[in-house]
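For reference, the structure I am asking about is given below.
Chains here go by letter, A, B, C and D, matching the order in which they are written, and residues are numbered from 1 within each.
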Amino acid sequence: MKPVNNIKIKNGMSVNELVGQMNLTGVLGAGRLGKAVNICEAMIKDRDCRVFIGLAGPLVPGGMREIIIDMIKSKWVDVVVTTGATLTHDLGEALGYRHYQGTANADDAELYKKGFDRVYESYMPNKIYEGMEDFIAKNFDNLKDKKSIKDFLWEIGRLTPKKSILKACYENKIPVFCPAISDSGIGLMIWGQIARGKGIETRAFEDLKEIIDIAWTAKKTGFIYFGGGVPKNYIQQAMQFSKKASYGVQVTMDRPEPGGSSGAELREGISWGKLSPKAKFVDLICDATIAMPIIYAALMERIR
Amino acid sequence: MKPVNNIKIKNGMSVNELVGQMNLTGVLGAGRLGKAVNICEAMIKDRDCRVFIGLAGPLVPGGMREIIIDMIKSKWVDVVVTTGATLTHDLGEALGYRHYQGTANADDAELYKKGFDRVYESYMPNKIYEGMEDFIAKNFDNLKDKKSIKDFLWEIGRLTPKKSILKACYENKIPVFCPAISDSGIGLMIWGQIARGKGIETRAFEDLKEIIDIAWTAKKTGFIYFGGGVPKNYIQQAMQFSKKASYGVQVTMDRPEPGGSSGAELREGISWGKLSPKAKFVDLICDATIAMPIIYAALMERIR
Amino acid sequence: MKPVNNIKIKNGMSVNELVGQMNLTGVLGAGRLGKAVNICEAMIKDRDCRVFIGLAGPLVPGGMREIIIDMIKSKWVDVVVTTGATLTHDLGEALGYRHYQGTANADDAELYKKGFDRVYESYMPNKIYEGMEDFIAKNFDNLKDKKSIKDFLWEIGRLTPKKSILKACYENKIPVFCPAISDSGIGLMIWGQIARGKGIETRAFEDLKEIIDIAWTAKKTGFIYFGGGVPKNYIQQAMQFSKKASYGVQVTMDRPEPGGSSGAELREGISWGKLSPKAKFVDLICDATIAMPIIYAALMERIR
Amino acid sequence: MKPVNNIKIKNGMSVNELVGQMNLTGVLGAGRLGKAVNICEAMIKDRDCRVFIGLAGPLVPGGMREIIIDMIKSKWVDVVVTTGATLTHDLGEALGYRHYQGTANADDAELYKKGFDRVYESYMPNKIYEGMEDFIAKNFDNLKDKKSIKDFLWEIGRLTPKKSILKACYENKIPVFCPAISDSGIGLMIWGQIARGKGIETRAFEDLKEIIDIAWTAKKTGFIYFGGGVPKNYIQQAMQFSKKASYGVQVTMDRPEPGGSSGAELREGISWGKLSPKAKFVDLICDATIAMPIIYAALMERIR
């Protein structure tokens, strides 16, 4: 058995040096954060491994957008699965809108009058919908024939004026999946066109073949989940019906006891055949906006 | 200000009598459970109100299936939104499979060998996929032309041999939405057909018009969320783009601070225009498998 | 393996009937609540077993006071361990004050001006301190020579004008322990006397012998924890240094991963020798104000 | 309103540079971590402010011991309040024992046989009790006349052979309070002496005067809580009965809705008069073993 080492702090130490110290504790939050960076490093450096990243929760309203774009541009990940909300927030910022610093103890009726939609303590200006409506209306003819959600999203990425998560995916040919895209602001803008009598070809089940093929044809697979929800589960089931993952990192604040997929411990996936019993994996119980910058900064020191 | 009343227990008291006592405390978990039943009662009895129920998490592996079916048959709810996992578990039981009592401290590699997929401490037999594959293969011709996910699900309900959530929806003409249906065992069975070269017409955005129209044409709307995820968010956005809800009950174990939709307090919805500032609403922090039977038993005493 | 049974609700069913249905699911929150009642019943009915109850959190501001008093009067428990806050709230109510129904979204500066101390959404009138100060000042001569905290608390119970938790303990000769009594409103009232130059003999370590002797001389031991904190840990360590518990029930909302005692799973106690590996035990993740009335109502049907 | 800035990561950036980036987001976990460091810096640098630190949870088994000792030696804090468990773990390490890296999925009955006590995934060797028993037995004559728990703890610090939290407190004349000291391994070792017929003078209420005087005679007060429990509450009540705090930082994983003190949001303290309505304060929802090293490393860059 290895002893728990006491963390030693040096003045001006880098993020990666701190993570190295955390790793030496080997236990609890600090030890798990250290282990998470090790496993991310291993799966990204493993040339045989395809890395699937699942992104859920308020990552863009929480300031994680640049990091996500950088991870995609660096080709650290081979597949992105995310929520419609993340893509909506991302498109909003790409169209020139910002999110704002607010408070959780807000007067929500007052915010409504002022036109701000609250995401805990981050505020989204409601007029973001106007910009998105224009964008979708103007580009609907380019979108309406896309048979898969992935192609629909890549096309949005192609059309997006400034840098964005979807543009980074499109330009780097990183497949991006969002099974519940209709459950989002982007979905609502498409509904706005449908309500005007227009049609759109995008199929609900079309992407399944591609994500499962990517996993199936990989020598190894690994995943990194920031948040749970559909992104986690969609990657999990792709693993189940192809190759058990060899690496896994999960960052979540949900708890396992209620039994939902979002809070489920990764080892549960072994019973399903989603995760190899020999896999390196860790569950990190941490706010994603704290964990993601630390993990990314430490990885940058190790990989670049 | 009303005082907190101390709960008094009588021998043999009914569930509704207990909930009435809890309501008199007016605070914390007990008070909120009391309030949740009151609000559910009010929205169900309000003839002008259309009730949307969101169902996420392991409700079927947790033994809630009969209650859900009964709520649909009683027409207490006008719209059901759920996850693909719930519909998969439900179809599995309708095809004659059961879930089993297990433990969270299981040897997952052993479970894998024995063919059991773990959902915290509930086990699903892996052979459920064989039964589902047969069912989907046999009925694919009936499913492949359904343009909306709702019609696809109603058709599954029609074809299901025994009673089920989907059958209850179909028979009672309760619209059932599942935006992320491809993210589920049912989705994987459809992929199995696609992988054999077959095609399916189901559209990703098709249902949006129907759910928003239902909310738009209602005099009032109300919602009950057991768990968060896509079901909650999909109902929330339908409210946002039609009528602010007049009633709202949320049962969740997720916490609000990380900022995700699942854990968000309902009052946040006021800023978005999803919930009326005058609405009656409550956030109940409780395991759904504890709250749902209590709420349902109390409502039965009050409504029937 | 036993199948998960679907809960069936009957109109007007009693709380115990509902708990019986929950028990048949065998899993997740409902199954654990069913199991918790079974284990409480077993340990209370087991004539060889001494039952230790740990009480932490806002049980009195949450309306649980009558239930706690009834459990003590019924002699279902042999030892009570609690927090100073619970005894302060209890004494406040015994002196004629009430707690009030408030909101978590309060203006705390306004509440301060109005003289209400907020406990999430329950309000305690600040003038409770005046009543307690009078009570302690008037009775200080009776208290100042008590060498153990238990004797100090029994004396408060004896002197308390109306029914209270401490009075019930005193009258039924149920030992009541509160290691951190100085960390409470009662502690502050004693400080008020010390600040006036008075002395008090109560010893910090004096009670340890009594609680460990009670556990040591029992044929079997069992515990019921509502909340964690010092009450749980103090009972745990009494078990560790005497007899491993044969029965254990824990009700908590704290999570295990941060590693604190309050959220620790009971099975962890097996490694310490606090809990027998053969013990019947369950961890119930639930708000205490929801679980306690249900458990008590079900037990009343079974035991009385 | 300030916009949420997207975090930008630079290769090799220091921990403080990362925290600075997090602070610019202004929201959610990252923004709160940034704010927590700012407030700690402000209260430590404010010459008029006395800083109270509350330490609860498995900080020593989690590898935080050196950081805590360094914070005390640096005189960043004026008062330490902690749990008996922390002091027990600390004394164990000072006597030459270590904690070990384990797993939460352990076989606890096996660990018991091997003599390891599990703290989630950190293991404490059970023989630590032998070393402590010797230490306490050998030094009991020095301890038995200490009338206050603080003096009792300082004496342990003085007698401790190697560096420790208590030794650092003793040597730097930092008052250290532990109201529930009897609820700990150290308490049990004292019980061992009492069981042999010895007596000890330590009083339960004795320290209240000192901690309240320290707060009362300060020009300003501030607090930093890692974990909740008695340490938090004991500092809170000292503020209530002296000077409202001007600065406050809380790091916890407990949630507020159940209403317990550990999870209570700091703003609740305004209603009690524990926290000034003008105070700078923040609630950080994070594992302490992740937050403490980051906060300490960032502060070191700013203060030294």
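Keep in mind that, in the parts below, contacts are C-beta pairs under 8 Å (C-beta built on N, C-alpha and C of every residue); 3 or more make two chains touch, one makes a residue touch a chain.
Small disclaimer: the values here were computed from a predicted structure and weren't measured.
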Given chain B and chain C, the chains that contact each of them: A, D
Remotest chain, chain B as reference, centres from CA atoms: D
Superposing rotation of chain A relative to chain D, computed on C-alpha atoms, to nearest 5°: 180
Distance from chain D to chain A - Cα centre to Cα centre, in angstrom: 35
Euclidean distance of C-alpha centroids - chain B vs chain D, Å: 43
Chain C and chain D, separation of their C-alpha mean positions in angstrom: 25
Interface hub residues of chain A, defined as touching at least two other chains: 27-29, 58, 61-62, 105, 120-123, 253, 255, 257-259, 267, 285, 287-289
Chain A residues touching chain C - in the complex, by the definition given at the top: 27-29, 105, 255, 257-259, 283, 285
Partner chain A, residues of chain B touching it in the complex: 56-58, 61-62, 85, 104, 106, 108-109, 111-112, 116-123, 126, 149, 179-185, 187-188, 190-191, 194-195, 200-205, 207-209, 212, 227, 229-230, 233-234, 237, 240-241, 253-264, 267-273, 277, 287-289
Residue ranges of chain C in contact with chain B within the complex: 1-9, 11-16, 18, 21-22, 24-31, 33, 58, 61-67, 70, 98-102, 105, 120-123, 253, 267, 285-290, 293-294, 296-297, 300-301, 304
